[in-house]
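Look at the two complexes coming up: chain A is in both, with chain B in one and chain C in the other.
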Partner chain A sequence: MTTYIERFPAEARVIRSTFFTAFIALGIGALFGLLQVLHRTDVHRLVDSADYYHILTIHGVLLALTFTIFFLAGVFTWGLTTSLDRGVVDVRFTWAWYGLMVGGTALAAIPMFGGLIDGIDMSAGVLFTFYAPLQAHPLFYLGLALFIIGTWLAGADWIWTYLAWRRENPDERIPLPTFMVLTTTLFWYLSSLGVAIAVVVFLLPWSLGLLEQVNPLLTRTLFWYFGHPVVYFWLMPTYMLWYVLLPKVAGGKLFSDPLARVVFVLFLLLSTPTGIHHQYLDPGIAEGFKFIAMTNTMFLLLPSLLTAFTVVASVEHGARQRGGTGYLGWLGALPWRDPVFTGMALAGLMFAAAGFSGMVNAGMNINYLVHNTFWIVGHFHLTVGTAVALTFMAVTYWLLPQITGKPIWSRSVGLAQVVTWFVGMTLMSNAMHRGGLSGVPRRTAEPQYENFDFTPAFGTMAELDAGVVIGGSLLFLSAVLFLGNVFVSLTGGKDLTSIPENAYAEALSGAEDGPLILDNLKLWLVIAVLLVVLTYALPIGAIIDRGGLLGPGGSPYPLVVESGRAISIGLGEVVA
Partner chain B sequence: MNIHAYEKLWLAASLVLIVLFIGSVTYGAVGAGIAMVDDAEGVIDPDALDEDDRFADPRVEEVGENEYEVYVVAGQFFFDPGTFEPIEVPEHSQVTFYVTSPDVIHSFSIPGTNANTMVIPGEVASMTVEVGDPQEYGIVCNEFCGGGHHDMEGEFHVVPEDEFTLEADE
Partner chain C sequence: MRISPGALLVLIAVSIPFIVQSRTVAAFIGLDMSVWQMIALGTVTISAIILWAVWPEKWLPGRPKLEEG
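Here is the complex of A and B:
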């Protein structure tokens, strides 16, 4: 019986740091989520409506990028080292990528918070999508670029460690968690390239005044080239936890290892050539390209549907091992008092609901009704806001003892916490979906208009507002319970004997049942690149052909009249 | 690779489902003729909208029997026409909107209907809708466009035939 911290003390320290960074982001993000809920419904407006968008930028960036990515970097480091039974090659390198990610986040945070503080002349009220010609302070783009480079180095660290293991074990199959880490890393390299180009080649030089203008449709398309796949950067570690940890805490085994590999290969292949489905309503992109993106998106349902099967089958196996019987009676035999299990199970349940609203979004024509409405916000609070976030919180109750040696302060509070999140999200997301159907827009400080009212199909706007406020408050409460529980646990003493062994679920049908070609990552990467070229070369070419690499402009907003800008206009003309 | 029988069944069912989805959307787009916003319009210089005969004087125009075209400029933080005076068209007509932006990305969206498009500087979004009985609709911008985004609204009125006059005829 060994815990993770005993086996890998140096790696455990890094993982602790990634987790704590993630939790700080979660705390601030949740607080701002509550402010948004109160502001939109006009229950309480703490800030000016024009400043609402600074709050929303921070909420989006800190939760969707900082919280998720720091946490998953820790999870991947745990999964890789545990399954290879080997430490990273050089932990100084591991600290280096962590440091770069923190540094990048801090730089980007300066103008993001600066926008809220009077007297600070920097701002980044551009939301986490930062569509040009909305313009942020250069530090925002610089920080973002450094953060992404940090994640690339993290991926390099995992690949490097894997290669070292490979030399020591030339004939073994890649262990499943490592396989998942590697496919996700390759996929991330491919998909984050889009945003890296948008930021480094266009937006950063433009914000510095080196370029006079950019092509808004081009930078937007590059953003979505990354913006949809980033969803899978959150989901793939979540799936990994559902595959390798959930069956274990349910008391059983993973149903099929080879099928899990198939799922991750499908993600590597299909996640990236779909981003244009966020642009169904964009002028300047031919219908045919939208159609291809739609088709790819529908096929991308496949790995998720397969996951649903395997996860349920594995959990059922666990229940039957625990003595469960009957057609549905086995459900009762599951460890519902364990916050790790219950949190993950509820997260998975919500994800199934999200799958339904997601299919609506993906249908090009139905999308017209819901695009940019509150429906979308309801949808992704089920996916990233619950399937991912609740899974991450639930596994914290399992992983935190592993990486600190300290047991969780209160598992009952943990159980109450995950249930509260589920209830709060049910209320908030339901109201958001229904509001969106009646046309209530997202990203709006005051969705109350002078000339018309929204009329929901069922109920009233007041009921929907109540759902959002009560749901949002419960979610905030849940986040406080979570952070409080983590904090109190950390102040406690170490007690290694009370902590289970660091391990993950074995498979009923193991790696040896799968064909070797599954592990041929080079092959899959080549096909993935080809698919991306096939779907993106023509639309990007057409966009550049239409508007020019840097045209047709628009006006930067907010207009900053700085001395630096006047000088650089001359430069910009040379470039343009 | 040995795949469990149930798993095979599930896989087959999933694939059928996916093909059905693609089929229904394809039918919607091709069969039922639901048109999408696309690249049909050429690019435009957002800094020189006043030199374009559609957008120099944004307006409603009659182009055929019961067919109207509406040219709209969506800027920070207004729709012209729409915000300062309502866009008016007669009942039971076919209306094509052409919308562009001089500054940042906006949207032109009529809540509760599927008339919804992004408005991107340099591009002209076009969208055709069939209007029915007289009714007053709102117009909102649902793409964040700056500090006054929530104030960006307008009105779209479908009016009885006998109450309709074109601005030009007034």
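Here is the complex of A and C:
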């Protein structure tokens, strides 16, 4: 039996660093999340409401970008090296991209936290969705740019290592975890291009005073070009863990390797040309382009449904290997006392609910009901806040011993932690969804107004506020339990004999059962680029044509009004 | 016990979304359920789950015993 740290000690050091950086971000982000729920519900307002937006920005950036991306960078390095059974080509390069990501985060953090300190004349209260017209200090944009470049170099490191393996193994199929890392990396290059252009070409020069103005609709569109796909940058490593680790801890094998490859190819193709569905209410983008984005988004349900089928089938196989029988009786044979399994299983269950609320968001007509309401906040706390975050925390209980050689301090505390997260998120996101249906806005410090009360379909606003506060407090407690368990584990001694072998799930139907074309990544990348060009070339061209490359912005009226006026004029001429 | 303590904990946790959403379902069919009624329903449901889980398995002869998780 060999643990990861014995086989790859140099890579284990880098992964430890990425995880620890992610955990620091998780701790600060969770604390600021608690402050938010207390502030919004008027239970306790520690800061002035004007400063709420700094807290919201720190919460969003640290959890949605820093925690997730540092963690997934470590997971991908683990998956790549484990499945190729070789180390990275040059670990100094691996440290270089890690250092660049840390440096970028530190630079962006200075104005983010500076906004909360009176003596510091810097601010970045522009929220996680940092498009114009809100403007941050240049350090914020510079830090983000360096962070993104760091992720690109990480991708280059993984591709470089794969190519070295390919030279040594010219006839082998790409191992599944490596296939998943490569498709995600290619997708990330394609989708992060939008935010890189927005930051480097427009927002950074604008914040430095080199540009007098920018086109807000253009920067919004470029942000959402990245802003929705980034969800899949969090989800694809999560899916990888559901495919390669969950069946293993369940005691079985992956149901189908080729089906998993199909899912990742579909994500590479379809994840990027979808961002306009965040802009259904934006004037200046024709309805037809929004309809295309909606269609693409609905197609994304396919890989998620394929995943639900494959993962549940794999888990059922594991349960039956453990003695489970019957139509549903096999569920009782699963290792529910293991926080690794239970955390991932509960995360997957929550993701099903997130898929349903996501369909509402994606539909052009019913999106108008929930657009910019608390519903959206409830939705993404189910996706990134549970499917991704809970999976990452659960997997830590398996990966941390692998990369440190130290067993987890308490698996019982781990089990309590993942269950607490699930219950807390149930209460909080339910209240958020219901509040959104009643019209409660998001991104608001004080959603309490004079002479006006929101009217929930049933119950009262006080009940919904209670749900948010109790749920948010349970989530914070869960984060504290997680970080405490990790910290105490790290203070313990090494015990390699108690740690399972570093491996991932074998497949019932292996790569050899799938066609070779699945591994043709160049083909899939070309098709992905074509789809992006087809979806975005015309709307971006129209935005620049109407509002100018550097502003002042799009028409204040929806295009459909102009079309309607043209039709009415035409009809008038006919009648006349 | 019919199921492991871990499985019981998870079963109780998974029942909570259903209990919380029972108010939504009730509202759809015109039943206005208060928070306290929902809490009462939840208490009964969770108590029933615990009772079922800790009831000795010998009361159900012929049921195969599952491996503990």
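The rule is short, and it goes like this: the second predicted complex is superposed on the first by the 551 of 576 C-alpha atoms of A that agree within 3 Å, B and C clash if a C-alpha of one lies under 4 Å from a C-alpha of the other, contacts with A are read in each partner's own complex, and residues count from 1 in each chain.
By our rule, a contact is a pair of C-beta atoms (placed from the backbone, for glycine too) under 8 Å apart; a residue touches a chain by one contact, two chains touch by 3 or more.
Keep in mind that this is a model prediction, so the values were computed, not measured.
Of the two partner chains placed by superposition, only chain B is touched by A:449; chain C is not.
Touch criterion met: A:338 reaches chain C, while chain B stays clear of it.
By the touch criterion defined above, A:487 reaches neither chain B nor chain C. Contact with chain C, but none with chain B, is seen for A:325 once the two complexes are overlaid on the shared chain. The contact sets of chain A with chain B and with chain C never meet.
On the side of chain A, the complex with chain C involves touching residues 322-325, 329, 332-338, 342, 345-346, 349, 353, 415-416, 419, 422-423, 426-427, 430, 434, 457-459, 463. Against chain B, the residues of chain A that register as touching in their complex are 49-53, 125, 127, 131, 133-134, 215-217, 220, 255-256, 258-259, 279-287, 290-291, 294-295, 298-299, 301-302, 305-306, 309-310, 313, 359, 362-365, 368-369, 371-373, 438-447, 449-452, 454-455, 509, 513-515, 542, 546-547, 551-555, 557-558.
Across the interface of their complex, chain A is touched by residues 1-4, 6-7, 10-11, 14-15, 17-18, 21-22, 24-26, 28-29, 34, 36-39, 41-47, 76, 101-105, 107, 109-126, 136-138, 140-151, 153-155 of chain B. Taken in their complex, chain C has these residues touching chain A: 2-7, 9-10, 13-14, 16-17, 20-21, 23-24, 27, 32-35, 64, 66-67, 69.
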